[in-house]
Amino acid sequence: MLAYLVKRVFQAIAVMLVISLVGFAIQDNLGDPLRELVGQSVSEEVRQELRDELGLNDSFLKQYTRFLGNALQGDLGTSYFFKEPALDVILKKLPATLELVLGATLIIVGLSVPLGVYTAIKPNTILSRLIMGISIVGISIPVFLTAILMIFVFSVEFGWLPSYGRGDVVTVFGHWDTNFATLDGWAHILLPSLALASIMLPLFVRLIRAEMMEVLQSEYVKYAKAKGIRPFRIYFVHALKNTLLPVITVGGVQIGTMVAYTILTETVFQWPGMGFMFLEAVNRVDTPLIVAYLIVVGFIFVLTNTVVDLIYGLVNPTVNLARMGA
Amino acid sequence: MSLLSVRDLTVKFAMRDNTVTALDNISFDLAKGERLGIVGESGAGKSITGFALMNLLSRPGFIDNGKILFEGEDIANMSDAQMRGIRGNRMAMIFQDPMVTLNPVLTIGQQMVETLMAHRKLSKAEAEQIAVVKLREVYIPSPEERLAQYPHELSGGMRQRIIIAMALLLDPELIIADEPTTALDVTIQADIMELLLELCQSNKVGLILITHDLGVVSQMTERTLVMYAGKIIEAGRTREIINDPQHPYTQGLINALPQQTKPGMRLKQIPGNMPSLTAIPAGCPFSPRCEYVRDHCRTTRPEPVQYAHVEVACHEVNRLHRENSEEQSA
Amino acid sequence: MSMTTNAAEASRWSRIWDSNMAYSFRRNPVAVVSLAIFAFITVMSLLAPLIAPFDPYDPAQIDIMNSEYPPVWVDGSDPQFMFGTDDQGRDLWSTILYGTRLSLLIGLCAVALQAFLGISIGLIAGYVGGRLDSLLMRMADIQLSFSTLMVAIIFLAVTQAMFGSETFNQYAVYFLIAVIGVAEWPQYARTVRATVLAEKKKEYVDSARVLGFGPLRIMVRHILPNSLSPIFVISTVQVANAIISEASLSFLGLGMPPSQPSLGSLISSGFDYIFSGSWWITAIPGVVLVVLVLVINLLGDWMRDVLNPKLYKG
């Protein structure tokens, strides 16, 4: 168990190192820190002096080690635009994005399991066909189009729900702004979460259905029937447990994908999160912020994948973590 | 009254635009505590018979016609709930491959307890006690510890013993064992069969043993059905069938056994293959492979007739017998 | 020996093709309609220069005064613009034709690149095995654990910031194909590798080796045909995904520029106008995009049902 954990953590660290290398390469090549510091009107001599002072003339390795050392201490540079530490800027936007992901995850988890199980158990009912039909339309509509459609219907046409921003947020635990404390906050997060969930939900319904149908064909399900076990127990104990194991693995990857999709939803709903900020940073060529975003998002990906792998190992009795560590 | 009485059982499979007959008018009886072997090549319909008896045919298969009377009640027309009360309780099944029969994510204990609790009002602790007793009966060492283990932690032979113990949990009247040792190592096959025989005898449980192995049938069962292309072609006491088979197919099967051949001689094979269910010949299904075939064999289906001590479906059984005895006397 | 198995393989393939696939296609109206629509969209977009009443790339044909005319069935329209005009005064119908062409081109080329990389890597990993195999597959795992869209967004954002919009816009098609193509190779690699591992054990590969065929020939002539059905199924899904990815990237301003719009960039430019009532600039290309992706997905679903390939599962 411990050996597996160590191995998995080492792999995570290796991936983070690669990401940091990419981040450093971007910082090294994109934009000119001197211009940001002193502007254009400084003589070449002063520039060279400054370059030396900032260590910009050091060897690649030396500069990278310095970058890495700073990053480990949480220093990812200072945003050109906000004139604040880049990491702080991002961490301020993080709650908005994570709450969006959380909202979408709740919708996905809450709906995909019952819908997937139902369509697997009763594949030929009208309702099942309807669900499967909607799901294939669902995966065929890009997130941003769903978002636009929702705004058009619920905000522009009916005026029921707000189309942009976070609305009333309440600060909890010191600096976490939450949408889930006020009615206005709920109203604001509903459409973006739905839009974000719109492509993942059908994907999961289809995945759960396919896995479940395969499991229902298995010998052990037939055997359970031959033992006279009730269908409810066969579906929800024998089959569902085996169905969800592969779904966990996919789910881990999809959480990461959802972070990517937040960029789209945040753009459409002008949701003040990391993704929205990132696109602004790109337009302003705010290199430290771009690099900081890359590293934070990379970290989220690596973290969720590692955690999901470990959870999978713990939940699945046939995976022997002790042996996998060897 | 016999324990099980199957009458004209016909099972079909729904195909793209037609149906295929997998079991064709099967009839047989099983007395209480009797052990019956069903032999035949793969695809002859043995396993389908087993699943049909449990009313567990999965789509596209379905019972088209016939009766399966289990202690006088017709299984073929039972509701799901009624059938559930019988499965695992009065009639248990042992599957072919113990590696895939047990649910990988549930412990042995959970899978045994759920079976007991599905049919009896028992507490979990009481159910576990019964499970331990049954595991001990199949010679599982330290059975209490097994309850907490998952299937993958146990060997194939051990798993099949557990499955036998599960079959006996509720003291059923009938056990259907579908090739219970084919998936196991040769070295433990005999052990498992011996155990099964011992338990059936001591508990007076009826057994339907589905196998392709005539040797196993001769050791385990009192009566035998020989199946070919979805039909019973010969039925009778196992001893008679092994010693004096009447149907050319059964004779071919027995002649193909290594015991029947002198060392150094080639094993005798039946030429050709069993027809697929979609292309069963019009007359006797065995006619294309039969060395005694006559014209009417190809056009008229033979009905089972009593001959010597067995029931056999062959037009030429008289001539066959005559020729054989001439051969022997010559 | 290998000749006979080969012939058996070949006839097995033609049998599947002739009977099962064709039969199920004829019997499945959804598949027939989907293929018809897909063919229609493809042909229309290929013939864009012939059919389109205007050339959206020719500034001489664009008049800003014509901007935001609604489609002909709405009041205040101009009959020469069937689906109305966009914010720059371009004929929407012509722009959609050209845009669809771009979206399809990028989607197909990106998937061709994915397939090429993935199949090559999968064949090599499966055939060579050992350390190289585990290294490549570990790379595939890691690559897959990052969302393609995320990688693409960051790559394109940095490229755009680095080269400036002008240069970026000029080469946007190639950047899009490259990034979508490179990011998804593991999908193919894993499935192909699994087939190679399964096929490698079989007799005919041994006999081919005994007959002295080189590894390349064995892989391409003998093993690859066995992975065709999963490759088909993956490819349809991947084309649909690639078109969605391209549209999403263009929507974010990281793909095709407004001067040379794909469906995604058209929708994006129209998004600013939906609040002012010019819904058609977003809606009509949106419908085209969804229909295109939907029919590809429906075809993919049908193909998965018919071919029922063993797809790699993690």
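The chains carry the letters A, B and C, assigned in the order they are written, with residues numbered from 1 in each.
Throughout what follows, contacts are C-beta pairs under 8 Å (C-beta built on N, C-alpha and C of every residue); 3 or more make two chains touch, one makes a residue touch a chain.
Since we're looking at a predicted model, the values are computed, not measured.
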| item | value |
| --- | --- |
| Chain C and chain B - chains in contact with each | A |
| Best-connected chain pair, where connection means C-beta pairs in contact | A-C |
| Farthest chain relative to chain C (centres taken as mean CA coordinates) | B |
| Centre-of-Cα separation between chain C and chain B, whole angstrom | 52 |
| Separation of mean Cα positions, chain B and chain A [Å, integer] | 54 |
| Whole-Å gap between the CA centroids of chain A and chain C | 24 |
| Where chain B touches two or more other chains at once, by residue number | none |
| Interface residues, chain A side, partner chain C - complex | 15, 26, 29-31, 136-137, 139-145, 148-149, 151-152, 156, 246, 249-250, 252-253, 256-257, 259-261, 263-264, 267-268, 278-279, 282, 285, 287, 290, 294, 297, 301-302, 305 |
| Complex contacts: residues of chain B adjacent to chain A | 54, 56, 58, 80, 84-89, 92-93, 95, 97, 100-106, 114-115, 118-119, 150, 152, 166 |
| Sites on chain C touched by chain A in the complex | 142, 144-147, 149-150, 153-154, 157-158, 160-162, 240, 244, 247-248, 251-254, 264, 267, 271, 274-275, 279, 282, 286, 289-290, 293-294, 297-298, 301, 313-314 |
| Chain A residues touching chain B - in the complex, by the definition given at the top | 217-220, 222-231, 233, 237-238, 241-242, 245, 316-318 |
